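What follows is a set of structures to go through.
Look for subunit A in each of the two complexes below; its partner is subunit B in the first and subunit C in the second.
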Partner chain A sequence: MNTQTAATTDYRVCNTTGLSVFYKAEFFTKANAVLAVIFLLIGAVAAILLALTRWSNVMLLDDIWYYRMLTLHGVNMLVFWIIFLEMGILYFASTTLLNTKLFSKKLAHISLGLMAVGAVVTNYIILAGQADVLLTSYPPLEAHPLFYLGIILFAVGALIVCYNFFATLYIAKKNKTYEGSMPLVTFGAATAAIIAVVALIHGAIALVPTFLWSMGWTEMMDPGIYRLFWWGLGHHSQQVNVAAMVAVWYFIATMSTGAKPLNEAVCRGAFILYILFINLAAAHHLLVDPGLSSEWKIWNTSYAMYLAVLASMIHGYTVPASMEVAMRRKGFNKGIFGWFAKLPWKDPGFSAVALSAIIFGFIGGITGVTLGTEQINIMAHNTLRIPGHFHATVVGGTTLAFMGLCYYLVPLIFQKDFYLKGLARIQPWLFGGGIVIMSLGMSFAGTYGVPRRTYDSDFSGATLETGFDPVAHIMLGVLGIGGVIAFLGLLLFIVLVVAAVFFGPSLKGKKMPTWQSPQEQKMTDDLISKGYEEEGKDYHVKTPGTVVLVIVFLLSFAIYYFANWAALADLWHIR
Partner chain B sequence: MEEEKIHPIQKFMDNIWLLLILGLAIPFLSYSIWGLIELLMVETGTLP
Partner chain C sequence: MSIFHPTGNWFRSPTGAERMWIGMALFWCLVMSITMPWWHFQGKQNAPSETYKVEPADFIQRVSQFVEAHQVGEVNNVPIVEPPPGGDAYLLGQMWRWYPVLKLKKDQTYRIHVSSADLQHGLSILPQNINIHVIPGYDYVMTITPTTTGEFSLICNEFCGIGHHMMTGRIIVE
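Right after this comes the complex of A and B.
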């Protein structure tokens, strides 16, 4: 217990985990989580309107509102929802997991205020029709100054949270509130925070001059330089998601199955590869920009970036392998996949995270590395294949993992129980299934050349006849159907969380209700409470099931990668 | 009690401040500064 830095009135002991939950940090975790869900809902309403517009037989919105909703959707989903929740994770990971108080409550209040005001201002100005410039807001497109100011305020607030986080880490280390290396989940959160600092500095370099230009005080920033630095914000912030998502994978794997990292050093090494190399991936967005050399493009998107891809593949092995070890230690040893069938699929926190890892790896990861190859990218750039990729990473991966986290956050931090548990069990499948369908619809439509960010795919009324193969329109319909299913899954998530947080039965002084059978929960608790070393250091369990999954993944990767090279070869017939 | 020896790589992995510095330096050098130099070297186009 933390006796060196905190009085007993500063914290409560969690009845489920036995960890100290510090009241000040708990408040900011809760506040950030509530704000995250509010902006998730706004982004989701925009999302369903967009899906029903890109579905070419429906075309719900007119062109003006399409671009307005696209701006609203991008800003709320890629910035506000995800970063608010990540800030909540930083407060939790730096205090509860390190058994220490928050560095500064005052700074936490200031940052929360800045972020909330920034998000509200940005949403207001978009809905007022003064900022139809999309999330990227490339000059010479010009929005109302409040659009840039809102995002800048939000970013400054997030930067202050990162400072508070690092200062809390410093205090914990100084006061020796933990022994040895910091816990892996906190290390993952620290990785996310480091990447966030890089992202936010790039954002300031791009958006502050653009704000001054929108006020009429300076000349317009060079569009090429703006794009370079804006993507230092836009793509780096998605790498914050990746690091935070992987930290959530480890956390939920432990909580739901009793898994422990197979090898702490290897897992930390993979996070370090993220810190050092993952940010270079932003160059993917500039692969067709004429001002940058092939050397710069290939170094940043291939050679150096593959070290970060290696990191993802390490996590992609260690997370399921650690679960396989845990399940086999519980006695589920039948065949190669007996342990897999016995995983706690009835726990929505677990199923959300499992689906997140599968969707992120098999769809998002494979397409990302392939499309990020300079030569292949020329076939896919600015087509719907790109949103098909990132909806699998950011939504199917990160958002689904964060939803899974919320199934633990609500009982452990808000101390409230869920209603309608049967619906909660199907929610991750509904949302994840919808995202997979939508992502595949986007990807296949994109292979026919259907452009992204375009209201009218067929360019109706153009002088020259345009349009796409009828199959492309079927795929746009698939996109729309997937979008509707995902939207229903998301609405269900919000209803479940809001009902639990505001009206749910109190769990104060009680243990978190289990989603598993009492026997399974007891086995999980036993694994969490005792270390492997208690059973002897020579304790080893093989992971044949995970090895088979890895081989299937690598084969899928190879087939997709070489199929794209074959498609590229078809473009230029050399006789 | 004799203090446990910590491997240098473990020390490196535990040094969050060094990781913060490297995490800032590598992307800034490889992506931002190199990219900025290339863009600044692009000559202004002229009309024919």
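Right after this comes the complex of A and C.
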């Protein structure tokens, strides 16, 4: 591929995809991915300690360290790991996929430095015991100023990466490095970046005044207003994760099965729905807050008629349907689910993404929309049902998809091969399975009212005694066991990735080794190489398997949703 | 090919199964968005919204007056207070207890004012599993009608410092 803007010394041609990989951008993809995995490991150590503490028969940590580790876990997983990796995706999606150089290397260095310093400072101050305020740091709880400053520095760095990303899109368009519209994966990444900017602005409104207050320079921000804006950061950043995750779904679907988006207009329209309607989602955390009217809560809860939920349901169809079409075009036409059985399950990148889509949809999505219903939230707010939900979205969904991406990132960008491929094949199942078990344990414990963010579920030592049903304690045990399994899956992931990146056989000048049989890989390559040449040809391939899957999904959704209303009707009357 | 740019005019209306699914999903979204306002008018369980601004010191004073006026007993040094049916009751969240113990009558409606003396708290009535958020400076009025009798635990489910997991209270319904 020739470019009008780049000299041949600026890039290499990928031996697998034929795309141009620009060295400068590649460095920043790598650097962000490495930092992401470091903070993932810190968050994971905290995670296993937390799981073994909430498991009420184990209670490993003491109370101070439980809350400290909970702060550390939330900040490293939900902020540092996931955003570093997303920054890596932005560098990749804006340069390689658009065949252009990065806009500014200098800005990229500055942003990387700010983010790294911010992350280190925040970790330091938490471990020093100066910031036991949990991720949300609700005032009047007060942390050391460095806690807020670290997160602000990190956020400013992330904002600069987004700017660099948009500027790169601009120069690519201006220099005509590609024709027509940008690829869908870049479109999804752009969606994530746009929502990220909105999220970070909300974060600044909440955290900058709180930092000034912690310095003693200003009055405390109203805690109710703080919650409104903090969740403008907290929930929007989950939509960044969703958009980035869906972009990864499309990317892996193409790379592993040769799938092509069925209908670009539908897929892109669904991304636009995220941008337009996700702004309202902060309300989900404020449904049983004082100071907000029912009208405000109901309107915002429904995301204006659930149009962002509609977007996810559309992706939930188009991603598997595009794979079904690809598989049927390869000749796997047997029955309704013959194609499903023949999917490249031996490819950990694929199986991670397939599990991610299933966990995100069936557990994370269904529980999220249901718990985020204004009235049902009465039975869920601040119980373990909430972490039960978001571990299925952000861990079983986003983190697992990002792990799947790493199985492609390492050979394609780091140009290194994996060792222990048999273990790599089971890794997504181990991690995904553990997260499902843990998430179900949390959700069921939460239905008994077991609180989140609480060291001792039995409140021993309280003046007025209380306690939970023994079944709730069994569920806390399920949480613990799931946590241990997921931790093992995560450690295995880190071992595989670190061994490959630092010690793996070089793949320079070689094609990415296939996880499939050579014949299957050839069929996939053929589909990819045809690209958009056969536009319209596969649009008439029927997708009965996917139709059955999405109808099962819709039925599960409806049953869970109405079962919750039925449970709500048994409560005391409250208004 | 999600990694290549589509060529030509790629805009196309959805057809077939895709169109059907978008229609079904949109219908379901509409069902859910109608259910909420419907329940708001017809259902008996809705998130409270009545709120007043209050200084924590003033609220603490109102709680003391309420306890003085209606105290009927004591448990573990915590006063048991029986508000008049249909009347106002007060519940204070503070590090680390819910104060006082409330004694209510089944099928009577009470306006329970909840607020915090210090940090944010989460009021959780168990085993009912009714949960609301409590913020200092906000007097949150929960209009509640107990429909079952017995002793109900109150716990805190928002982190409020190192004694958070010892913050409890009680509601007795007769």
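We take it that the second predicted complex is superposed on the first by the 560 of 575 C-alpha atoms of A that agree within 3 Å, B and C clash if a C-alpha of one lies under 4 Å from a C-alpha of the other, contacts with A are read in each partner's own complex, and residues count from 1 in each chain.
Here, a residue touches a chain if its C-beta (ideal position, glycine included) is under 8 Å from a C-beta of that chain, and two chains touch if they have at least 3 such contacts.
Note that the coordinates shown come from a computational prediction; the quantities given were computed from them, not determined experimentally.
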item	value
First (subunit B), second (subunit C), both or neither touched by A:293	both
Superposition-derived comparison: subunit B or subunit C, residues of subunit A touched	C
First, second, both or neither for A:128, with subunit B first and subunit C second	neither
Touching partner for A:378 - first (subunit B), second (subunit C), both, neither	second
Which superposed partner A:321 touches (first subunit B, second subunit C, both, neither)	second
First, second, both or neither for A:301, with subunit B first and subunit C second	second
Contacts of A:179 with subunit B and subunit C, given as first, second, both or neither	second
Touching partner for A:224 - first (subunit B), second (subunit C), both, neither	both
Partner chain(s) touched by A:265 [first = subunit B, second = subunit C, both, neither]	both
Subunit C-contacting residues of subunit A that also contact subunit B	181-182, 222, 224, 265, 286, 291-293
Subunit C contact footprint on subunit A (complex, rising order)	17, 19, 63-64, 67, 70, 97-98, 132, 134, 138, 140-141, 178-185, 222-224, 227, 250-251, 253-255, 259-266, 286-294, 297-298, 301-302, 305-307, 309-310, 313-314, 317-318, 321, 369, 373-375, 377-383, 447-449, 451-457, 459-469, 528, 531-532, 535, 539, 542-544, 546-547, 550, 554, 557-558, 561, 565, 568-569, 571-575
Subunit B-facing residues of subunit A, complex	166, 169, 181-182, 190, 194-195, 197-198, 201-202, 222, 224-225, 228-229, 232, 236, 265, 268-269, 272, 275-277, 279-280, 282-283, 286, 291-293, 296, 299-300, 304
Residues of subunit C touching subunit A in the complex	1-8, 10-18, 20-22, 24-26, 28-30, 32-33, 35-37, 39-40, 43-49, 51, 75-78, 96-97, 101, 109, 118-120, 122, 124-140, 142-148, 153-162, 164-170
Sites on subunit B touched by subunit A in the complex	9-10, 13-14, 16, 19-20, 22-24, 26-28, 30-32, 34-36, 38-40, 42
